[in-house]
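Down below are the structures I want you to see.
In what follows, subunit A forms one complex with subunit B and a second complex with subunit C.
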Partner chain A sequence: MEMAFRWDFAYEILPKLLWATVNTILAAGIGYLIAVIIGLLFLLGQRTSFKILNMLVREIVEFIRSTPLLIQLFFVYFVLPQFGITLSAWVCGMLTIGLHFGTYLCEVYRGALEGVPKTQWEACKALNFSSLYTYRRIILPQAFPIAIPGMGNYLVGIFKDTPLLSTIGVAELFHAATAVGGYNYRYLEPYTMVGVIFLVLSIPAAIWVRRLEKRVNKAQGKTIK
Partner chain B sequence: MSYLQFLSEHGPTLLLGTVTTIKVFICSLALYIIISMIFGLMRLSKNLLVQGLSTVYIEFFRGTSLLVQLFWAYYVLPFFGLSLEAFAAGVLTLGMNFGAYGAEVVRAGILAVPKGQWEAAHALNFSPAKRIRRIIIPQIFPIILPPASNLTVELLKATSLVALVTVVDLTFEARQINSITWLSAQCFGTALLIYYIMARFALVPFLRWLELVAAKKVGVGDT
Partner chain C sequence: MAQTNEPIVKFSEVTKRYGDLVVLDKLDLEIKKNEMISIIGPSGSGKTTVLRVLMTLEKINSGVIYVDGEPLTHMLSSGELIEANEKYLRERRSKIGMVFQQFNLFPHMTALQNCIEAPMQVLGMNKEAAEERALELLELVGLSDKKDQHPSRLSGGQQQRVAIARALAMRPKVMLLDEITSALDPEVVGEVLNVIRSLNKEYSLTMIMVTHQMGFAREISDRVCFFTEGKILEQGPPEKLLDDPKNERTKQFLHAVLDAN
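What follows is the complex of A and B.
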C-alpha cells in the first residue's frame, strides 16, 4: 500500500463524491425545513395556557436536546419497525434530524421572543391590540431579525451533522466515501476529499451567516464592534 | 422479556460502557479546555503568524464535520505511519474539535472584559504576561462559562461518535446488545436515558453551580 496521496485515484472517485454531495446538501436542506417547523411547534407547545402541557413539552425538548443525535437515529430507525411503522433510512434520518435540531431552533425562537423589550408588549396591551395582532404586527417583526443569526448557525450545524446519517445507510457524501474506500482498500483519498468538500462548502456558509448577523445588527441600530 | 429482566441481564454491560463514556468525556474535556485557552489567546495575538495559525486551526476544525475528522484520525493517519488507538484517536479529535469552538468563546470573553481593566493594569505597570494572567483571565470566567457549558454538554453528547471508531462506550454497547437481542426499544431507550441523566442531573447542575461561583468571585452576578 502506497503512502502518498494518489491524485489519479482522487480524480477517479471525484464524480462519485460530488454526486453524493448533492444528497448531503439535499438532506441538510430537508432536515432544516423540518427542524424549522418542529421548532415552531415546540415553541407553541410551551406557550399554551395549560401549565402541565407547557411543562411536558419543555421536558421533552430538554430530553431531546441532552441526548446524542446518533442514538436517536438508531432509536427511530430500529424501534419504529417494531411497532409496524417501516420508514426508509432517508425518512427516518430527516425526521430525527428535524426533531433534534427543532429543539435547538425552539430555543433560538424563545430567545428572540424574549429579546423583544417588555415595553413593546405593554404598549400593545395599552393600545388594546388583540394578541394575534400584537404578535403579527409588533412582536414577530422585531423578533425575527434577532433569530436570524442563530437560525443560520444551525443550518450550518445540520450540514455538518449529516455524515451521521451514513450510520443508518443514507447514501450521502460520507457514506459514499466509506463505500469507495472499502471497495478499493484506500481511505486516505476518500476521507481527505470529504473533509475538503465540507470545508469548501461550510466556510462560505459561515461567512454568509456572519455577514447576515452584522446586517441584522446594523438594521436594528446596534453598534458593531 | 420484561424490561426488568432486560436490565438485570444487560444493565451491567451498559454501565461498563457508561464508565468508558465518562472516561472519554473527562479526557477530551481536559484537552478541550487547554486548546480553547491557548488558541483563544493566540487568536488575539498581535503577531500575525501566531494569529493566522490559530485562525486556520479554528476554521479548519469548525469547517469540517466531527465524524469526518474522527474517521480521518483513525483510518487515514496510519497511512502516514501514525497509528492511534481508538480511544486516543477519539479523545484527540473530540478535544481538538471542541477546542476550536471553545477558542472563539475565549476570544469573545477576553474582548468583553472592560477596557478600563486593561488600562488600569497598564497604568500600574504590570508586565503583559501578568496583565493577562492576573487581571484579564480571572475576569473572563463569568462571561465565557455560559457558552462554554453549552459546549460541554454538546461534548458529552458528541462522545457517542467514538463508538463508530470501535471505542467500547455506551453507544457501542447499546448497538452490540441490539444486534444480539434485537430489543431495540429497550437498549437504545436505556442508553438515551443514561445520557439524559448524566447531562440533566449531573453535568448541567454542576456547570450552573460553577457559573454562580465564578460570577460571585468576580462580583458581577449581584444577587
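What follows is the complex of A and C.
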C-alpha cells in the first residue's frame, strides 16, 4: 500500500466528509442545547428546599459525572431496549450527551452563582426586591459572565466527544470517515481530514467564546485584563 | 432637631446568637423619630448586628423589634405574635434603608440605574418619575455628572455616595449606616461625611450609624451608645459619653481609639 498522502483521494472523499460534518455540528448543537437545559433543571433540583428531591438530584449528578460517556451511551442504546425502552440512535445519543454534559454545566452554573458576592443579595434585601426579581435582574446578569468560559469549554467538549456517537451508529463525521476508509482500504486521508475538520471548527468556536466573554463584561462596565 | 417622644425603632429584649456565641444579649433600645444615633464599641461587640437584624438580613432568636409602632420581626396572628413571614417582612422592611461598608452597588448597572431599579420595581414608580427623583438625589450627593458611569469607574467615595442616593430613593424613614467610611481611602472620607451632614440638616430622617469616626459621631449625633458584649454599656449625648464617660470599660475603649488616632 502506498504510504504518501493522496491528495486526489482526499479531494474525492471531501464532499462526503463535509456532509457528515453537518451531522456532527447538528449533534453537538442539539446535544449542547439539551445539556444547557438539563443543567438548569439539575441546578434547580439542587437548590430546592425540598430535602428528598435535593438529595436525589445531588446523587444522580454525582453518579452521571463519575461514569464514562461511552458506557452511558451503550447502556441507553443496548440495555434499555431489554426493559422495553427502544430509542433511535440519534435520540439516544442526544439524550445521553445532554444528560452527561448537563451534570457538568450544572456545576458551572453553581460556581457562577456562588461567584456573585453574598453582599449583592443583602443589597437586594435592603432595597426590598422580591427573590425572583433579585435572581432575574441582579444575580443572573452577574453570574452569566462568570459562567461563559465554563459553558464555552463544554460546547467545544461536546463537539469533540461526538465521535463516540459513531459507536451506536449515528452517521456523523467519524462514522463517515471510518466507512469511507473501510470501503477503499485507505484510512490515512479520511482520519487526517477528520482531525483537520475538528481543528478548523474548534478554534473559531473557542475564539468566539472568548470574544463573547469580553463583550458581555464590557457591556456590564467591567474591564478585562 | 425636632423630636417627638414616640419611638420609631424599639428593640425589646432582643437576643441574637450564632451557635453558642451571644451577639445581642437581651438588648433594649429605643430610638426616637429624627434622632441621630451613633453606635460605637470594640469589634465583636454586636454593633453591626444591631443594624443587620433591623434590616432583617438576619433573624433574631428571641425578643421583638418594633418599627413605627408595629412589630417588624413578628406579626399578629389571632392575638399572638408569631415569627413574621417573607410577605409581611417585605411590607415592613420598606421603612428602613441601609448603606453598607462595602457599598454593594450593582456592578452591571450605571449609577442612575442603581438608583431607579428599586423605586420602579418595588414602589411601582414609572421610569420618568424614578429618574427625576434619582437625578435629584445624585445631585444631592454631588454626582449628577457621573450618572451614566458604572461603579467600576467610580472611586470608593463616589460609589458610597451613589449607595446613599440609592437607599434614599426608597424614601426610608430610618437609615442605617454600617461603617460607611471604613473601606474608604482617608482623603475621600470627608466627601461622604459631608453628604451625611447635609442629610441630617435637610431631611427629617432617623439615622443609626455604626462608626469608628469619633469626631464625626461627636459632631452629628444626638446620642452615642457604647456597645460591648451585645449590650449597651453606656449611652448619652456625645459630649457626655465621649468626654466624661462613667464606665471604666468605656474609658478604656475611648483611650485606645484616641491613642490609635
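In this section, the second predicted complex is superposed on the first by the 212 of 225 C-alpha atoms of A that agree within 3 Å, B and C clash if a C-alpha of one lies under 4 Å from a C-alpha of the other, contacts with A are read in each partner's own complex, and residues count from 1 in each chain.
The working rule: contacts are C-beta pairs under 8 Å (C-beta built on N, C-alpha and C of every residue); 3 or more make two chains touch, one makes a residue touch a chain.
This structure is a prediction, so every number in the text was calculated from the model and none was measured.
Once subunit A is used to superpose the two complexes, subunit B occupies space next to subunit C without a clash.
Contact with subunit B, but none with subunit C, is seen for A:Gln72 once the two complexes are overlaid on the shared chain. Put simply, more of the residues of subunit A are touched by B, taking subunit B and subunit C as the two choices.
Rounded to the nearest 10, the superposed model shows the Cα centres of subunit B and subunit C diverging by 100 degrees about the centre of subunit A. Of the two partner chains placed by superposition, A:Thr48 touches none, neither subunit B nor subunit C.
Judged by the touch definition given at the top, the superposed model places A:Ser88 against neither subunit B nor subunit C.
In the superposition on chain A, A:Thr192 makes contact with subunit B only, while subunit C stays out of contact range. Of the two partner chains, subunit B is the only one that A:Ser202 touches; subunit C does not reach it. Once chain A of one complex is fitted onto chain A of the other, the partner contacts of A:Ile138 are limited to subunit C, with no touch recorded for subunit B.
Shortest separation of subunit B and subunit C in the overlay equals 20 Å (C-alpha atoms, whole Å). Partner subunit A is touched in their complex by these residues of subunit C: 55-57, 86, 90, 93-94, 96-98, 100, 102, 104-108, 110, 117-118, 121-122, 149-153, 166-167, 170. By the touch rule above, subunit A contacts subunit B in their complex via residues 1, 3, 62-63, 66-72, 74-75, 78-79, 82, 160-164, 167, 174, 178, 181, 187-188, 191-192, 194-195, 198-199, 202-203, 206, 225. Residue ranges on subunit A touching subunit C, taken from their complex, read 117, 119-120, 122-123, 125-131, 133, 137-138, 141-142, 220-223. Per the touch definition, subunit B reaches subunit A in the complex via residues 59-60, 62-69, 71-72, 75-76, 79-81, 111, 153, 157-161, 163-164, 171, 174-175, 178, 184-185, 188-189, 191-192, 195-196, 199-200, 204.
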